Every structure is written in structure tokens, then in C-alpha cells.
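The structure under discussion is supplied below as C-alpha cells; questions concerning it will follow.
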Amino acid sequence: MSLSDWLSEPTNWVFLVVGLGVAGSAFRVVTSKNVVHAALYLVATLGGTAVLFLLLSAEFVAWVLVLVYIGAVIVLFLFGIMITRAPIGYDASLDNNRRGIAAVVSGALFLLMSWAAIDFFGSEPLQGIGEGTSTELLGESILGRFVFPFEIVSFVLLAALIGGITVARKDATPAESEEGV
Amino acid sequence: MTLAPVLVLAALLFSLGVYGLLARRNAVLVLLAIELMLNAVNINLVAFEAMLQDSLATGQVFAIFVITVAAAEVGIGLAIVLLIFRNRATANVDEFSLMKW
Amino acid sequence: MTNFLLAAAEEEVHSAVEAAYTSGFWAEYAWIMLVIPWIAVLGIIFFGKRMKYLGAEIAIGMLAFNTIWASILFILNITKGVVYEGAVTIAEIGSNLIFELGWVVDGLSIMMYFVVSFVGLVIFIYAVGYMKGDVRVTWFFASFTIFAGSMLVLVGAPNLVQLIIGWEGVGVASYLLIGHYWEQKENSSAGMKAFFTNKVADIGLIIGAIMVGVTLGTFKFSELSNAAAEHADSLALVAGMIGALLFFGAMGKSAQFPFHIWLPDAMAGPTPVSALMHAATMVTAGVYLMARTFPLYQNLAEDIRPWMVAIATITLFAMGLLALVADDIKKVLAYSTVSQLGYMMVAVAAGGYTAGVFHLFTHAFFKALLFLGAGSVIHAVHSNNMSDMGGLRKDMPRTYWTFVIGSAALAGIIPFSGFWSKDEILVTLGHEGYTAVMWIAIAGAFITAFYMTRAIMLTFHGSYKGHGHPHESEPVMTVPLIILAGFAAVVGFLNIPGVEFGGRGNFTQWLGMREVVMGDHHPTAPDWGMAAIGLGAALLGVLAGLALFARDKATQQERDKFEIPALYPLLRRKYYMDDAALGLVWLIKAPFARAIDWINDYIIDGVVNTMGFLTAGLAQLVYGGLDQRGIDLGFNAFAYASGGSGERLRRLQTGRVQQYASVFVGAAVMFVIGFVIFG
Amino acid sequence: MEWFDTWGLSLIVFLPLVGALLVVLLPREQEESHKWISLITTGIVLILSVVAAANFDFGAAKSFQYEVNESWISAIGANYHVGVDGISLPLLVLSGFVTLLSVIYSWNHWEEPRNPKAFLALMLVLLTGMNGTFVALDLVLFFIFFELVLLPMYFMIGIWGDKSERVLPVFGKTVSVRLYAAIKFFLFTLFGSAFMLLGFLALYLNSADTVAGRTFDIPALIARAPELTMLPVAGWIFAGLFLGFAVKVPMFPFHTWLPDAHTAAPTVGSVLLAAILLKLGSYGFIRIAIPILPEQAKQWAPVIAVLAVIGIIYGALACLAQTDMKRLIAFSSVGHMGFVMLGIATLTDVGINAAIIGMVAHGVITGLLFFLAGSMSHRYHTRDMDRLGGNQKLMPMLGGILAFTAMASLGLPGLAGFWGEFMALLGSYSPLDGLSLGLFRTAMVIGAVGTVLTAGYLLWMLQKVNLGEPKAEWDDQKFHDADKFELAAWVPLIVTIIAIGVYPKIVFGATTEAVEALVKTAFGG
């Protein structure tokens, strides 16, 4: 499939625009010198991802992503940032001094994974795009075939909730002395 | 629309996540990077689901699970960061050193 | 070389002698002598402080009792002959190793019982006067009694193990009494030196005893003697080694060169201690051991005897020279003692059992007398140094005359006791073919007479150089002097060849050990030629001493330097032996011990601690992951493993959390790439 | 007395546990009752041990007496099997004896943070562990008691130990002396006993061809020794047992926990540690390692002998470099246990008898030395020998006892310490047939040199601590000499030292036959 063929499809244009946006904002998430900005860039990334999900006809997941992530998690993050009084604004010390290694490693990882993706699924067409997955199917699937993992996840969530409260409670501070042997 | 570009995008997000994980000092930012990586996984799941057209929509189901777990992880992770910050007045990963022998 | 056992006649004589001996009540209950000193020790420790003489009564009473008992045995031995051996088994290991405590009563041990008890009694009485007003009279008598008890255990020992018990016991008593004035470090160091030197020599005694025990299956002297007499094959193989080792042990206690170094320092103890232990009895324990095991040397361990003779000869001559330059009167006597011990040892080593033991016997009296006399002088002038004395003849007539008698006996002037015993040694040496050694011994006699004349001149003649007005000591001290002087004068007659007392010949016959008939050379008539040579040497020494020291001179050092300039530095430094010994001890204590300590703390413990830290790090790694404080494994485990070793290190290591992750991810990538390319 | 024949030993072992329970149940304020309960319990235990010794059939010392063999964990064939023979009897009596004296001594000697209740309870638990180890005839039982001993001692050191801090060499870390020592002690022993446990399991797995027949029973394993010792893995099994016991003894180079633990431990802790705990290791060698794997014992004997001799010299030299009195005494244990191990390494009846009497003698002598060192540091508040001196003048009675004990420790003939040393040397002059004569005789000579060094450091210690004029810093202080509780604890030890020294048959009477039988079974002849 040539580039012109690919470009002749309108959804691909949409994907291109959204994908570049996602990639760009994701890049800013990990490079921004401002904690709040980083969090907001993550919002953009996630929003882009939601659009992508819509393109891939996964509406339900897309809305879950928007609601849970953008609605809850990011808010949590912002709270965390506020509470830890991370400097809101430019802060050069947000990165450590091993960015080079990190860049090389992640670059290599990226090359490897994209090579693998292209090599194995290079021209795999995506069928049925735009048809949409019925929420009913998802519901049946989750509460039918996957009910057990679902229950476990709910437990994990509960445990995380309780754990988070326990850990962050003010009076549950660890012993003052760390003189242990 | 083909699969490969989506996968490449996911790989890019994952790699950026790894970069953030390795290069960031602030614990909150490290958590953000982890979110990026999880998100890349989600994209993969959904994309493969779109390719395979599974009758159970397994990919999407698992994407939802991942989102749930990610939420849990963020919750507990931030709680820890908070706690450490309260005791140590820093959220920098390389200054966490709670135990001495 | 006399082989005293004529193989054919041996059995016959042996049984005949055995039949003639009797035991009787006094011998069968002789263990009482060995036990009551220990009861006395307890009595002194618990009740001594409350008594009028602070416990001396108990000690003296005990020794008086023992003296009577020993005298009875002595008389029985002279008239009838006494032999008895009894023992209590204190341990049996398997069937072939038996430890016993017991008592042996025969000529040799009776002689020693008598010497220890009698001389001890006299010296204890003297000590009551000498120690009056001392800081620790009770403790002094307790230790002294420990000594008496140990010495009796030693001489009464029927086996080597008991001998070792007594041997170390007298060593401890010596340590305690030399360090009696332990407030000064020199004194306690002298005690330590004595104990330590002896302990080194004891290695020989202990290993020798072990070899005897393993080879013969018993530690008994009687068995040892029988085995030696019968040339037991098993014993013959190791006899030379055993002989050398036992002699090594004896060298320590009897202060033979080069173990003599402790004895002069031992003079730090109170004078009665020097008199009884470091002159009369304890130091002769080595000679006693040689005499006890004499058959071994006589029959099996012949090849080491020349070495023994050589060591004893060095001792008797070289140590006599040291007595020439000492200023401390007790040191003069101490070196003299070492020299005389050399005489005893040379006699025993050359094969003169009787000669050696007889000299031991006479020496006990006259040397104890000399020490007590010196003590009396020291008591009067409050100084040990002869440079603080002089002219005491008029102030202390009784001390003077007894001292002169003692000196005459020591120097070998006829008819005092030393003459007879020394003469017998010279005769034995001549007879056994050690002619060169004999001439050295004669030269030694010259030196002996010389230094004793010097001591008398410097102490009792000339003008008084000390402070205050010296007075004659009180009777409690002078009466013992007179008693000992009497004995020192006459005991020599007991062994005039050909002269008999009682019913059983003279000293030579009384000493006969029960196990084997002593066949060493003992002349039947006096050897007047040898006597003349020996006496001549002694008189020459006296004359030389008079010539040099009759005139009063300003200081000690001046005189010495003037007279013997070449030898002086060497002798003043005691042949550098003490320095060598100190160097050795320092070497062990400082670099060696410190090195070991360093190795322990840094290397062995270092390894241990490293393992500990690593393990703890690992534990923290695991624990950290589970910690309820929620410390995230991925973030901090490595940080914990690294431990809190400084801010800088910590930063570096915490950095490694992410560094490790980099490596981890990078490695995974590389691995997959490699797998893709090559797989 | 029929019940005694069967349950007497169990009473000796578990009565202290009951006592500990009582102590724990009573409220903390009732110190007097705690003390009395402990005293009565240990007293009864000692009396029972003495009764056991009195009723002991010395004619049959080689067989186990008062034996009880009940099924316990049938799934793995572990039995509750206890009994004493001539080898364990002296040690059993010793442990009751020393513990009783420790309780008496403790009456008015408490280290901070006092808490007599906990301390006494731990001491009683310790007694259970020690007695249990000496009577256990089943490997599982043995292991449990062997490990049970660790805990109370760990807490004793960790809680009542030295409160100061020290800087570790090499690492430059500052650690709390007591915690460091406690953990080191615990980990070291645990490290060794892990290997020991592996050895036990390997023995169990090879103890029979069928699963049902497998057993942890020590006499049964000894009976099977000829097959066991031929196993290909037997060498590894012995190595495991060796490691476990050698750490406990401790042998060079596994000894470094000992000086730290002794120095840091409270007085009574050091006493019990020196007097009894160290004996568990050498007892294990005699009871388990040698009779079950005789061939391996033969192969390892030269190694043990060499390590023992190194320990003797090493300990003595290390002593000479110490400035801390307690640490010096601790290092002296390394040397003395070296003699014990040298005796064991000879694999002869003489040598093993030497080891047992050496163990008993070291128990009473070094125990007493630690009592004295503890009492002295109680009064001077320092153990630095450079600051001490003139103790004989300040406290004549205590100084006299110290001098006596030092003399006993240096192996003075006529006192208890002599026999162990002398007979160990005697044994190594003629070790078991097949062992290298040259090596063992060299070991004998070096060991004899070791006695000289031993005398050296003990006399040196006496000179520094006891003799001389007291330092100026003590001028205006009042020192009270040994009090009645101290004397009550020490005099029995002194009497024992003299009694064993003069009449070693007290110990040998029980051991000889048992040891002879052991050697004969293991090595024939």
C-alpha cells in the first residue's frame, strides 16, 4: 500500500492529525519542566487517545477513558501536585541527569517495537471500522465470560482504596526512628 | 485504515513513558509516565481488538480492566508520595532513603 | 661411664634390699605431711587475721609437726631403712591410663621432706621477726604455706602427674611471693617473669610426662625406673627425647642457662622467701626431678647427658661471674645460687647421683643461712645495696659470724659442709671422664670463694656508708641463723667417704632408691688429692678477694670497673640475656598479638560484617517490598540495599533505581533485537 | 522412684518452662516472688539432676538411662526420645548448677533496664533449652532445643546488654554494641544450624530403605553408622554438621560472634553463654557427628585439629592485644575451646574424655571469671584495663578470687582446668590409628606453647587489673567488697574447681565408660 493510497482514505487523515497530537502532547508530558503543565499535557494525550478509540470503533472504552481518566485520575494528580507543593511553574530539577541513557534506551525500545509492528502487521487492514461495538456485547462479555477477573479487579480497587486511605492518613505515620539495625 | 500506524503510535507512547520513568526525578511525574505506558497498552488492546473483531470484545474488556487498575495504582501511588512527602518534605525519588542499616 | 647395674647381680641385690626395708606406721601415714599444709592454708586464710601473730602460729605449728615427722622418718631410714608407697586413684581413663595422687617414702624423699620441713620451719620462725609490721603478714604466711604444701606434694610424688601438680603449685607460690609487694610494678613483673619463664620450660616437662605416660601406660617413677633398668624396648625408642624434655623442664625450675633470667629478679620478694624458695628448696626441684628419674638417664638416655653437662657447666661458671659485679647483696646470693644449681646439675648429669643430691642437701642449709643473714643486714640498714653497707661486723656480730660460716661452707672451706659436697662433685666429674668440666668447676670454686669474700668485705668490713645506726636483729631472727649455721657447719660430715652413722652406712646408702640400687661412683675413702686442689682453689679465691676488697674504696662501680674492665659491661648487662628475653616477649605481645587482633577485627570480622550487610540489604529489599509503610519496591529496594552510607553514596545509589531500570529495559531491548537477528 | 526412672528427665527439662510461665503470669511488681520462683525452680532442677546422677548406674554408663521413647510426630518418624548416659550426665548437672548460681547472683545484680520478670523468665527458658539439648536423643528434638537456646540469649544480649556504641572496623559504621552483638550471635548460629538441619534431614532420608523405617533417632542412627558413613553424600552431611557445631563451639574462623556477644551480654548472660551454650557445639560433635559418621570424622579430624590449634594460639594472642577485660576473657574461651576440640579431634577415649572434662572445667572457671568481670564492671563502671589496677587493694576478697580463677583458667595443675589441657595434649600424642602422627604431635607441641601464652595473658590481666596502686580516679570512691549473694554464687564454683582438680573422677567416673564404648563402636578396636 503506497502512501498516496493511504492518504486517500479520510479516516487516515483524522488518525494522522490525532496521532500527531497525541504523540506531541505525550512528548511534552515527559519533557515539560512544569509539573502542572505535564499533567495537563497528559489530559491532552488521553483526550487524543479517546478520539483514537472512537476511530477504532470502541466508543464505550473511549467514554470510560474520558470519564475515569480525565475526570478522576487527572484530578487526583493535580491534587497530588498541589499537596506535595511541587513548584508550580518552571523547575529545571524535575529531570535527573541521566536523560541521555533514558533517551537512548527508550529510543531503542521504540525502534524495536515499531519495527516489530510494521514487520508483522505491516499491511493488516482493520475491518469493520465505524461499525461500533455494542455496549451490550461488552456488558455481556464482562459479566459473562470475564466476570471473575472483573470481580478481582473490583477487589483490587477496593484494596487500593483502603490502602490509599491507610497510607495517607495523617496518624498512620511510620515510627519516627529509623535506627533499625 | 491499517493496523501498523496505530501500533507505532502506541510504541511511541510506551517509549516516551519509559523515558519519563527513567529520566524524571519527581515522583508525581514518574507516575504520569507510568500512565502514559498504560495508555499505550490500552491503544494496543483496542487496536488488536479492532483487527480481530473478537466476538467477546476481549480487547476492549481488558482495556477497561487496565484503566481500572491504573486508577487504583494512581490512587495508592499518590498516597505513598504524599506520605513520603509528609515525612521527608520531598517528592524526589532519589532522596527516598527511609532505612539505614 | 659406669653402668651401675651389673645385669647378673641385679635381681638378687634388688630383692635383698627390698627385704631389708620396712615401712611401718610413720611411712604409711606419711600422707598426713602432704595434707596438713593445705588445712593450714585454709586456717590461715580464715582465722589468721584474728590471731596474735597473724597466722604465723598455724604455719609454724604445721611445719613443726612435719619436721618431727620427717625427723622420725629420717632416723628410721638411717637405722633401718624405710620404703613405702601409697596412692589414691583419682581418675581412670579406660584401662591403661590411671591418675593417682600418693606419697612415696624412700631415702630421697625423706631427705627432701626433712629439708623442706626443717629449713622451712627455721625460716618461718625467722620470718615472724622479719615480716613484723609488713602490709600483708597473713597473706604472706598463707602463700608461704601454699609453697610448703606444694613442695611436699612435689617431693612426695610417686608419679609425674603429681609432681607436675606440686611443680606448678610451687611456681604459683613463687609468683605470689615474688610479687608480694605488688604495689610496685617491678615486683609483680618479676613474679610474672618467674612464672612465665618456668611455664615455657614446663612445656618440656609436660610433653615429657605425656610421652612417659603413653609409652609406659603409667606415670609412676617406679615403673619408669624399672623400665629403664630393664631396658624396656618401648621406652628405649623415645628415652632420649623424654630425657631431653624432662631436663628442659628441670632447667626452668632450677634456673639453668638460659632460663636463669628469672631467678635474680625473683629477689624482689621478701628475704625469707628468697631463702626458702629461691635458694634452699624450690629451685632444687629440677635437680630433684633429675635425681628421681636418674635411672632413665643412667641407662637409656645416655646420649643427651653430655648436653646436660654442657648446659650445667655454662651455668655454674658464667653465673658465678655475674655474682662478681652485683651490688645488691641478694643478687650476689642469687647468682651464687644459680651457679651452685649448676654444680648440682652437672653432678647429676655426669652420673653422680649422690654427689648432686648431697650438694643439694648441704646447699639448702648454707644458702638459706646466707640469705637469712643478708636479710638480717637488710633489715638493719634498709637497703639491699652493698654500697650502703660496710663495717657491720661490730654492730651485728651474730649475723657476721653466721654469715662467715655460711660463706665458708659455700666457698668450700674445710671442714664446713660445702667442702664435702663440692669435693664429691669434683671427684665424680673426674671419675666420669669430664676432666675439662672438672677444671671449670674448680675455677668456679675459685670464683665462688672470691665473690663471697667480696660480699663479706663490702658488707661487714670497712666503714659504714648507709644511714642511721644499724642494730643486731632480735633473737627471733638470730636464733634461726645460729641453728642454720650449726647445720651448715656439720652436715657435710654425713657423707665423708668411709665414715658410717647409724646402721646403714652414710648419706650415700640412705639415699638409695628402692627401685634400683644406686651404683654410681661413691668412693670409700676420701680422695685427698682432689680435696687439696678444690680447697686450694677456694683459698686462692679468698685471698684474691681479700687482696682486692680489704681496702675500703669509694663506690661500688669504681671498684668493679677498675678490676675487670673488659668483662664489666657484659656482666652488668647480664650477658644481654634479659634483654633478649624481654625482646621476645615484646615481640609476642606487641606485633604478633596486635596483628592477630587486627586480623580478627578487620579481616575475619570484615568478611562476617560484609556478609551481614549484604544479607541485611537483601532482607531489606524483600522487606521493603512488603513494608506496611508502603515503600514501593521498584523505587526504593535498591536504595535500602545500599544502606545509609553517606549523602553522596546514597544519591549515587538511589540514582541507580532508575539506572537499573535503564539497564534493565536496555538489556531487554538488546536481548530481543539479538533474538530477532540471530534467532 | 519408679516414676523418676521414666519421667525424671522430662521434669528436669520442662520444669523450668513451668517456672517461666509462673513468672510471666505474676504481675511485674512482685519481684520477690519472681526471684523466689526462679530460685526454687532452678533449685529443684538441680536437685533432680543430682538425684539423677546419684541414681545413675555408673556401671552401665555407656547405655542411656532414664530413657523415654514415645512417638511424637509419627509422620516423619520423630520421637520424643530422651535419656542420659555418662557423657551427657556431667553437662546436665553443670547446666542446672550454673543456672542456679546465676539466679542467686541475679538477686541484687540487675542490668538496666532491670525488669527481673522478663530476665528470669528468659533464664528459665534458656535452662529448658540447655537441659533439653543434653538429654535429647532424637535429632528433631535436639534441633528444637538447640535452637530454643538462641532466643532467650538473643533477648538477653539485645535488651540487657552493653548500652554503648562502637564503630565497626572497615565499614566505619556506628552500631549499638548490644544490638550488633545480639544479631551477630543469632545469625551466626542460625547460619550454622541451617546446614546442621540439612545434615539431619540427609541422615533421616538415608536412615532406612523404606519411608516407614526412616528415623531421627540418634541411637538408631548410630547403629546404622556403618552404612551411613559409606554413603556418597556422607562427606557433605558431616560438613553440614561440622558447620553447625563449629559455629556454636566456636572454632576458628567462626568465632567472631563470641567476643562481641560475651562483651555485650549482661553478666549472667555471659556466664551462661560461656558455661553452657558453648558446650552445645562440642557436645554435638561427641553425641552426633562422630558416632554416626565415623569415617568422615576420621577424614575431618586433621582439619579439626589444625583449626583447634590455630584457635588456641590465635585466641591467646588476641587476648594479649585486648584492653577490655571482658573481651579478653571472651577470647580466652576461643583458646580453651580449642583444647576441647583438639581432644575431640584425636578420636580417642583419652581425647574425648579430655574434651568433656575440659568442657565442664571451662564451664565453671570461665563462668566464674565472667561473674567476676561483671561484678567489677558493676563497681568500676568500666572494663578498660588501663583504667583499672590495684583491685586487690580496693577489694581484697574479689581480687583474691579473681587471682584464683585466673590461675585455674591458665590450667594450673590441681585445679579443674589442668585435666582438660593435659589430657588433650596426651590424646594428641597418640591419636586414633590411621590419623597422622606427625600432624597431631605438632599440634600437641603448639598446644603446649599455647598454654604458655595462656599463662601470659592471664598473668598480664592480673597485673593490670589486680596489682599495682589504684588509679587516682578511684581515690575518693567507696568500693564494697564481694557481697553475700556474690559469694553464695562464687564459692560453690570455687569448691567445684578445686574438687574437680584434685579428684577428676567426679567427671571421669561417669564419662570414661561411655566414651570408651562410643570410640569402640565408632572405630572398632
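The chains carry the letters A, B, C and D, assigned in the order they are written, with residues numbered from 1 in each.
We adopt the following convention: a contact is a pair of C-beta atoms (placed from the backbone, for glycine too) under 8 Å apart; a residue touches a chain by one contact, two chains touch by 3 or more.
These figures come from a predicted structure and were not determined experimentally.
Ranked by how close its mean Cα position lies to the mean of all protein Cα atoms, the top chain is D. The greater number of contacting C-beta pairs, out of the two interfaces A-B and A-C, is seen for A-B.
For the pair chain B and chain D, the distance between C-alpha centroids works out to 59 Å.
Each chain gets one centre point, the mean of its Cα atoms, and the points for chain A and chain B are 6 Å apart. Separating the CA-averaged centres of chain A and chain D is a span of 65 Å.
Each chain gets one centre point, the mean of its Cα atoms, and the points for chain A and chain C are 93 Å apart. Annotation for chain B: residues 18, 21-23, 27, 76, 79-80, 83, 94, 98-101 touch two or more other chains.
Within chain A, the positions touching two or more other chains are listed as 96, 98, 101-102, 105-106, 109, 163, 167, 174, 179, 181.
Across the assembly, chain D contributes residues 173, 183 that each touch 2 or more other chains.
Contact residues of chain C toward chain B in the complex are 613, 616-617, 620, 624, 629-632, 635-636, 639-640, 643-644, 650-651, 654-655, 657-658, 661-662, 665. By the touch rule above, chain C contacts chain A in their complex via residues 616, 629-630, 655, 658-659, 662, 665-666, 669-670, 672-673, 676.
Taken together, the chain A residues at the contact with chain C in this complex read 96, 98, 101-102, 104-106, 108-109, 112, 116, 163, 167, 174, 181. Note for the complex: chain B touches chain C at residues 18, 21-23, 27, 76-77, 79-80, 83, 93-101. Chain B meets chain A in the complex at residues 1-9, 11-29, 31-33, 35-36, 39, 42-43, 46-47, 49-51, 53, 56-58, 60-61, 63-65, 67-76, 78-83, 85-87, 91-92, 94, 98-101.
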